[in-house]
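Chain IDs A, B, C and D follow the sequence of writing; residue 1 opens each chain.
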Amino acid sequence: MSVLVQEAPFSVDQQQSLLLASTGGAGLVTFTGYLRDFSAQGAIEALELEHYPGMTERVLEELGAAAVNRFALRGWRIVHRYGRIEQQDPIVWVGVFADHRHEAFAGCQFIMDTLKTKAPFWKKEFMRDGRVIWVQAKLEDTEREHAWQEGVYE
Amino acid sequence: MSVLVQEAPFSVDQQQSLLLASTGGAGLVTFTGYLRDFSAQGAIEALELEHYPGMTERVLEELGAAAVNRFALRGWRIVHRYGRIEQQDPIVWVGVFADHRHEAFAGCQFIMDTLKTKAPFWKKEFMRDGRVIWVQAKLEDTEREHAWQEGVYE
Amino acid sequence: MLTVRFFSLIREALNCEELQVEHHASLLTLDDLKDNLVESGGEQWREALYQPNVVHALNQRVVNTDHELKDGDEVAFFPPMTGG
Amino acid sequence: MLTVRFFSLIREALNCEELQVEHHASLLTLDDLKDNLVESGGEQWREALYQPNVVHALNQRVVNTDHELKDGDEVAFFPPMTGG
């Protein structure tokens, strides 16, 4: 079980310890995504993340398994929150162990790039000025995900 | 002061907390390098890292500054041990904050790839069978560093 | 029965999170189900379900709308995902 | 005076970590210093300092051997680095 989808805040330290306890390797790459305080729309107060329970976990499990096959990973862990996220809170954490650093970097980036467009999460931004805005999917994210599919980064 | 070169073991959690306290950003990418238990030469018992005090710190400071300019980083921190390293111990830790995840991944990988061939450290492996071997620089590492110089990865 | 779920913008536009639809023989594909929902729901439903970029999931996997349905299936409609 | 430092394999081959060399007018470049060290040190020093891939640092920056020296400089010889 290397996927954790939860509403409560999580500790990055604790997640890294859990990954370390379950696996090893020469290189560990982690990504932590935090709530931005600014978007193209203005200053952000908070975020609400909706997800599709069940499908989310399955997509993330499959994504981790795909990364293991593709980049010869030794271990991985994905943590993603849903619900209301406050400023400075981590939203997502991905940790990836491999025998070589290049594989660890590629594996972690592949998971993040693919998660963005394949995991059923939807973000709603609560702006400082009171507006509430559903975040639009970025063309750039779709292009990155396609580039991985086509093996552009290898 | 974002460079720490020390003989004592360090805590990855603590280093990440220090970086978090000093900076922010939407994406944090970290790399932790651990002692491998195996090399092409066989089973490894421990490692001894020699370094060039003074030059090491300067090279790493310049490397962090170069990464900030090149990838628009918000913050960075490099920790590297010297002396005797035991199994499971982290040797090096690099953490990089940026506004966009791609920049954070690229910045962290650039620092690691360049550090490998530019920071004055030398590794001596103590093998299980009693042999003591100076680690040879890898052609692959030099090629990666040159590729960054030539902008191949951007 | 089919379970039909809506998420994000589409859930809000329809003011509906989930509904059950009886699985008729005429509901052969996801396209048929959409037509059926729009027929009973009206213009608001047409607008929400036929906006560009709607993603369709069948039993929690993204599929094309010509995918065949069987009794007990779970269908979901949602906008492009924005995780991470 | 010049401070000359040796690291890793080279330090071990010479059994020498550091030495002081007087800065003569004839020690114009790093090449001159190497010749001077080999002259007084003999075959073992020639082998260590002229092996392929020796890296040369002047005041803690990697340089070419035609770099000029001045009094007070710190010179270092070492094999390719293997950090990380």
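Definition applied: a residue touches a chain if its C-beta (ideal position, glycine included) is under 8 Å from a C-beta of that chain, and two chains touch if they have at least 3 such contacts.
Because the structure is predicted, anything quoted here is derived from the model rather than measured.
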For chain A and chain C, what is the smallest step count along a path of chains that touch one another?
1
Give the label of the chain whose average Cα location is farthest from that of chain A.
D
Which whole number of Å gives the spacing of the CA centres of chain B and chain C?
49
Averaged-CA centre spacing for the pair chain D and chain C, given as whole angstrom
74
Could you grab the centroid distance between chain A and chain B? Build each centroid from C-alpha atoms only and quote it in angstrom.
23
Could you grab the centroid distance between chain B and chain D? Build each centroid from C-alpha atoms only and quote it in angstrom.
26
What residues in chain D touch two or more of the other chains?
84
Where in chain B do residues touch two or more of the other chains?
33, 101, 112
Touching pairs among all chains present in the structure:
A-B, A-C, B-D
Residues of chain A that touch chain C when the two form their complex
33, 49-52, 54-55, 58, 80, 91-92, 112, 115-124, 134-138, 142
Residues of chain D touching chain B in their complex?
5, 7-9, 11, 53, 57, 60-62, 76, 78-84
In the complex, the residues of chain A that touch chain B are 12-13, 16-17, 24-36, 88, 99, 101-102, 104-105, 108-109, 112, 144
